[in-house]
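Look for chain A in each of the two complexes below; its partner is chain B in the first and chain C in the second.
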Partner chain A sequence: MTGSSQTSGPDATSARAAAVSVGVDARSRGWLGSQTSRRLAFGYLLLAPASAYVLLLVGVPFLFSLYLAVSDANVGDPVANFVGLANFRAAWEMETFWIALRNSVTFLVVAAVFKSLLGTSLAFLLLQEFKGKKLVRALVVIPFTLPVAVSVLSWKWMYDSQFSVINWALHRVGLIGGYGSESWPIWLGQPHLALLACIGVNVWRTFPFTAIVLLAGFTSVPTEVLDAARVDGCSFFQRFRHVVTPMIFPILIIGFLFDTVFTLSDLSVVYLLTAGGPGNATQILPVLAYQIGIQAGSLGRGAAIALMLVPLLFPALLVMLRNLKRRDW
Partner chain B sequence: MGDSHLVQARHTSVSRRRFLKVAGGSVAGGSLLTMLDARQAPAQIKGTSLRILTWSHFIPAYDVWFDKWSAQWGEKNGVKVRVDHIPHLEIPARMAAEFAAGAGHDIILNNATILARLYYKSLIDMTDVYDGLGKKYGGWIPAAKSPIEVEGRIYGIPMYYILLPMLWRKDLFEANNLKAPDTWELARVAARTMKSKGNPCGIAFSHCNDANLNWRSLMFSFGATETDPSGDNPTIDSKEMRETLAFAKALFDEGMTPEVFSWDDASDNRFLASGIASWIHDAISAYRTTESTNPAVFKNTYVGMEPAGPGGKRVSVSAPIVFLAWKFSKNPQGAKDYLTALVDVDKEGMVASTGYNMPFLNDNAKKPMPVIGADPKLQVLQDFPKIVAFFGYPGPYTPQIQEVANLFVLPDIFTKVARGTSVDEALKWGTGEYRRIFAKHKRA
Partner chain C sequence: MSTAVAVPRTHRQKEFRRHLLIYAGMTPFLIIAVFPVYWMLITALKQEPDLYRIDNVPFWFNLPPTLKNFETLFYQTNYGSWIVNTLTISAWVAVITLLTAVPAGYALARLRLPGAENIGIAIFMTYLVPSIILFLPLSRVVSSLGLQDSWWALVVVYPTFTIPFCTWLMMGFFKTVPMEMEEAARVDGCGQFGALVRIVLPVSLPGVLTSVIFAFTLSMQDFLYGLAFVAPGDQKPVPVGVPTELIRGDVFFWGSIMAAVLLVGLPVAILYNSFLDRFIQGITGGVGK
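What follows is the complex of A and B.
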């Protein structure tokens, strides 16, 4: 009890009543007016645009595609009926779907390997000090920044069955025979070569992104730590494996996630180079979904095929995010 | 005085509200009577606007003419006309977006991928325009209705189609004592003879529109069919189709190189222009472009009739180009008037396209046709309207056939055979794909 509460008389009573009233008001208004609530409100306010963006531009289309996938919606009919899993069953019955699924996985894995190798090498190169480094840094991002239609059409020319500059160069250095000979590669015509050619363009377009992500990671590693490892006798690869990689792991994971999503959903490269041909040798899920959903107008079946990417992406996403959480990031 | 009295009387006895009621009622009544009398909506297009989405034509001069003519038509009729050009492969996606938004262009062109049967509920019924134009110009060629007719109504106006005839090197044929490729067998013999001399032939086996068109021309000329006349059932599993596939395998082995598996729609143009090809089966743009790129090839390249199959049958599968108009268009009458006027100047368009556009109307297809009628090498094209067909032949151009074409099922059957799969096995796979696609559409 405070000193004032021990006093008696009318003044003291009214003062007590006032104090009680203020206490009740303070309790009711206290949390709302507190520093904590204001900070929380401000925090949510800052988060609101990003949340609205994710909800409207990612969540709503995703839910809409789920709705389409279980309906018989087509491009010309605004009324769609619920068909359950019929669209998914229809996809599974297609031989082309399984070819597309296999090619999508091959595309993802092979592209990831090459992008990791090339991206890491490029990032290490760009870490070095040399003349014209800024210019080189600007140049390497060109493939990533060029409009995809322009760059892919350029590659289409380079892969041309008759006028391929790649074949011409290989022929000039004596590695292959002339046009029409057995050893003259038909880049977009031979099944395995066609898929590799498509992967090659995807790698060329996006490995600068990998390099930039890695470069950001490498530059964040304190030089003292690297110096200490060097003093302790660590080789280059040991430093990379035991010092750099653990330190930049979260950046690697985020970069890998982005890259996986970009690669699996990349429609343009294959569509513009081969449209999935020859004989479905380069068919991948996004192209198949586009051909059935938009070109042939069966939105429901197209959405079902596109959603097949989710079971591919989701486990990978979950593993990576759990790994990040375990590392307290 | 009398006049002022009258004015005074009107001022006092007719309120503004009553005047508006009477005037409005008279106008509405009058319009209704006029409409009933004419059995059509009034042509009140002055002061309206019209947005047209079309493709970027392979002949740029045609686009110049088209834009100019559209602007002139707009000026003459007091309509603000805007023409947008996009690559034809982007049109299906654009149509889907406009349909979803319920807004966009009033008129949309479809090229090869004809979506009239998918969107017909949202398209303006053009039966009156189609019938009117047919009467005016001696009827439409038999194939015209196939892509745009749904349940007896017409939902688009066919503008022109693009032929893919035989383009053959007369100098090479003569040097090897070969007959002109008037039949597929003669074409095969020529390819077999000339491949070993460095002049193979070429038809794309890849996922491109040329492959969809050319292999259908071959199979239909061999007597095979794609669907029954109703269009509801696929009919590719036939003796004639087996003969076609065996022939295609031989043609590939004897007369082509594997590069045909990688071709796009322009590769055969380059193949001809390079001077290597003995023959290709392609649109005349391939021949036209050699005029500037390789004049010697241009001089020696001849345009042939569609080669006949073993039974003497000739069917030329072409890419149709039609215009559709959205129901949500705020100017449906303007759209109809514009398309009618555009068909009226069809011959001008044929000239602007340098003979590339082929007419759907019989009167415009009479000899001599503009440009091609005057060019001895191209005159043979005037005989094609009788043998033109589209996807699905002899059935109509249905959404299921559209899906078959979009997934390149038919070129894939030919690819499988060319790569060594047996005819029976490839056809079994292809028939399965056709049946599965048709069944899904039937269920829908």
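What follows is the complex of A and C.
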């Protein structure tokens, strides 16, 4: 940290107290003392609105969701009773919950594999110097910058059961039969294809992000370090393995965890494409939590299902926290 | 003489080969990335019957292009109100974010508060608490404020992710302003507040602008809060209104739908695009370094 050296102890309350009594203290503590306490009071005053907002609308609701999860709260009924772990047990006994959990994990893993492959290749291409690179880069990150609802609707149209442009192209090059034939894929209507189609949209949306994060990592490695390694006789692969990888690892981890959190908790892709169907083939935890919490109005049970994401998210958040704290300030 | 000419030529040939390889590698990525946008554009400009002729090549117009889909949007749906809602929500969110995140970022970066590092990390971590965990308790908060079924609900809720992100971002910006500038202002008789307003803020204006952009683009990325909190048709923002109001049962007016999302999606994408490096810097924690 840059400088807690000046003030060894005082927390927020004492700083504020000091600020209040500054008129009295100023003479005895001298110029420096009053400056310090005034600076602290000013600082905490500036910090207060943001902290209060986040505390009231993120911190408190998070605790409130723990409370909801152990209550029988309903949309219509304002009075909630404590029901213990009944909501969790109900989820546990629901077949759909297990399907959703399995799909969520499958979604995360399969998507991660594909976006790493695509992202890494793209990053290596963008690492080269070539004419028109700026334009190419701007075009290739479009999927990540479009609002998610917008791009999902575009994909929904491309996955249309009859007028899918993907099928049209596949049919033209002779890979599949005509509409209505056995080999004509109905992307959002066939169980396995539907999950794959949803994963595809997620990969499409986020592979540019993977690439850009990697690129940021690569370019953060000082060329002097690489030159030094070269002078010392390291081959390209040795340099990559022993110099580049360790140096960009922190950034990679952050990007990876960030993506994990947002992929696991994203409802929009699946909700807009299939709403969990056909059957429960694409059901994932966020969609299930929404359907039970809002559409069926069972706030308590919905909150319990949403909280089931926490054990999945928690390791990611912990690693991220450690990484941020190690950062050089 | 001959060698002197030959060397640059082989160099140029080598460069040409290298470029060819790179472009060849880049082409599939470009097609994958850009085609859906092209498809939206051409769908939005096509006449209805042109969308449903399976024998024609669909990549270009088979009937003359039309603006009818855009007309339908503005005259027969709530699209106009959605645009107004979206812009008003974003403006409010940007104001709230600026008024809270800029001072907080300044305090954390420059005032040597005890525990500033931990407070900063704590605020940033709240950005990573996903909306799917917060939306049910927040629905109670929204209804107890009497804001359910109005876009004001989103004005209250969106800062929960814009404030943490922009505080973090501003912290990075303020760290890059040399301390000496502020000290000089203090010596010249500015108070702490005066130094902030007269010296630090003007220098950090690009950062403030970036925060405004992110307040806008991050708000546009939301779908869940809008879906859960705002039911009346005329109160929705565009990303929620289009999928919930323009799709009725199994009837899809793809022309209008694509026109609707493109009109909003493209400007947002362009804006976001030009600030993408800042975003990546922000989340990878490379605060202003």
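Quick notes on this structure:
Just so we're on the same page, the second predicted complex is superposed on the first by the 237 of 329 C-alpha atoms of A that agree within 3 Å, B and C clash if a C-alpha of one lies under 4 Å from a C-alpha of the other, contacts with A are read in each partner's own complex, and residues count from 1 in each chain.
Everything below uses one rule, namely that contacts are C-beta pairs under 8 Å (C-beta built on N, C-alpha and C of every residue); 3 or more make two chains touch, one makes a residue touch a chain.
Every value quoted in this text rests on a predicted model; they were computed, and no experiment measured them.
When both complexes are overlaid on chain A, the residue A:F163 reaches chain B and chain C alike. In the superposed model, A:G302 lies in contact with chain C only, and not with chain B.
In the superposition on chain A, A:A50 makes contact with chain C only, while chain B stays out of contact range. Comparing chain C and chain B on the residues of chain A they touch gives the larger count to C. In the superposition on chain A, A:Q190 makes contact with chain B only, while chain C stays out of contact range. Touch criterion met: A:Q291 reaches chain B, while chain C stays clear of it.
When the two structures are aligned on the shared chain, A:F130 is found in touch with chain C, with no touch to chain B. In the superposition on chain A, A:R241 contacts neither chain B nor chain C.
Common to the chain B and chain C contact sets on chain A are residues 160, 162-163, 294, 299. Residues 72, 74-78, 86, 90, 93-96, 156, 159-163, 180, 186-190, 194, 274-280, 288, 291-292, 294-299, 301 of chain A touch chain B in their complex. Interface residues of chain B facing chain A in the complex, by the touch rule stated above, are 92-93, 95-96, 99, 113, 115, 118-122, 198, 205-208, 257-264, 267, 270-271, 274, 276, 399, 402-403, 406-408, 411-412, 415-416, 419, 429, 432-433, 436, 440, 443-444. Here chain A touches chain C in the complex through residues 1-4, 6-7, 9-11, 38-40, 42-44, 46-47, 49-51, 53-54, 57-62, 64-65, 68, 73, 118, 121-122, 125, 128, 130-131, 136, 138-155, 157-158, 160, 162-163, 165, 168, 179, 204, 208, 212-213, 216-217, 220, 251, 254-255, 258, 261-262, 264-268, 271-272, 285-286, 289-290, 293-294, 299, 302-303, 306-307, 309-310, 313, 317, 320-321, 323-325, 327, 329, going by the rule given at the top. Looking at the complex, you find that chain C touches chain A at residues 18-19, 22-23, 25-26, 29-30, 32-34, 36-37, 39-40, 43, 51-52, 54, 58-59, 96, 99-101, 103-104, 106-108, 111-117, 119, 121, 123-126, 128-141, 156-157, 159-160, 163-164, 167, 192-193, 217, 220-221, 223-224, 227-228, 239-240, 242-243, 252, 254, 257-258, 261-262, 264-265, 268-270, 272-273, 276-277, 280-281, 283-286.
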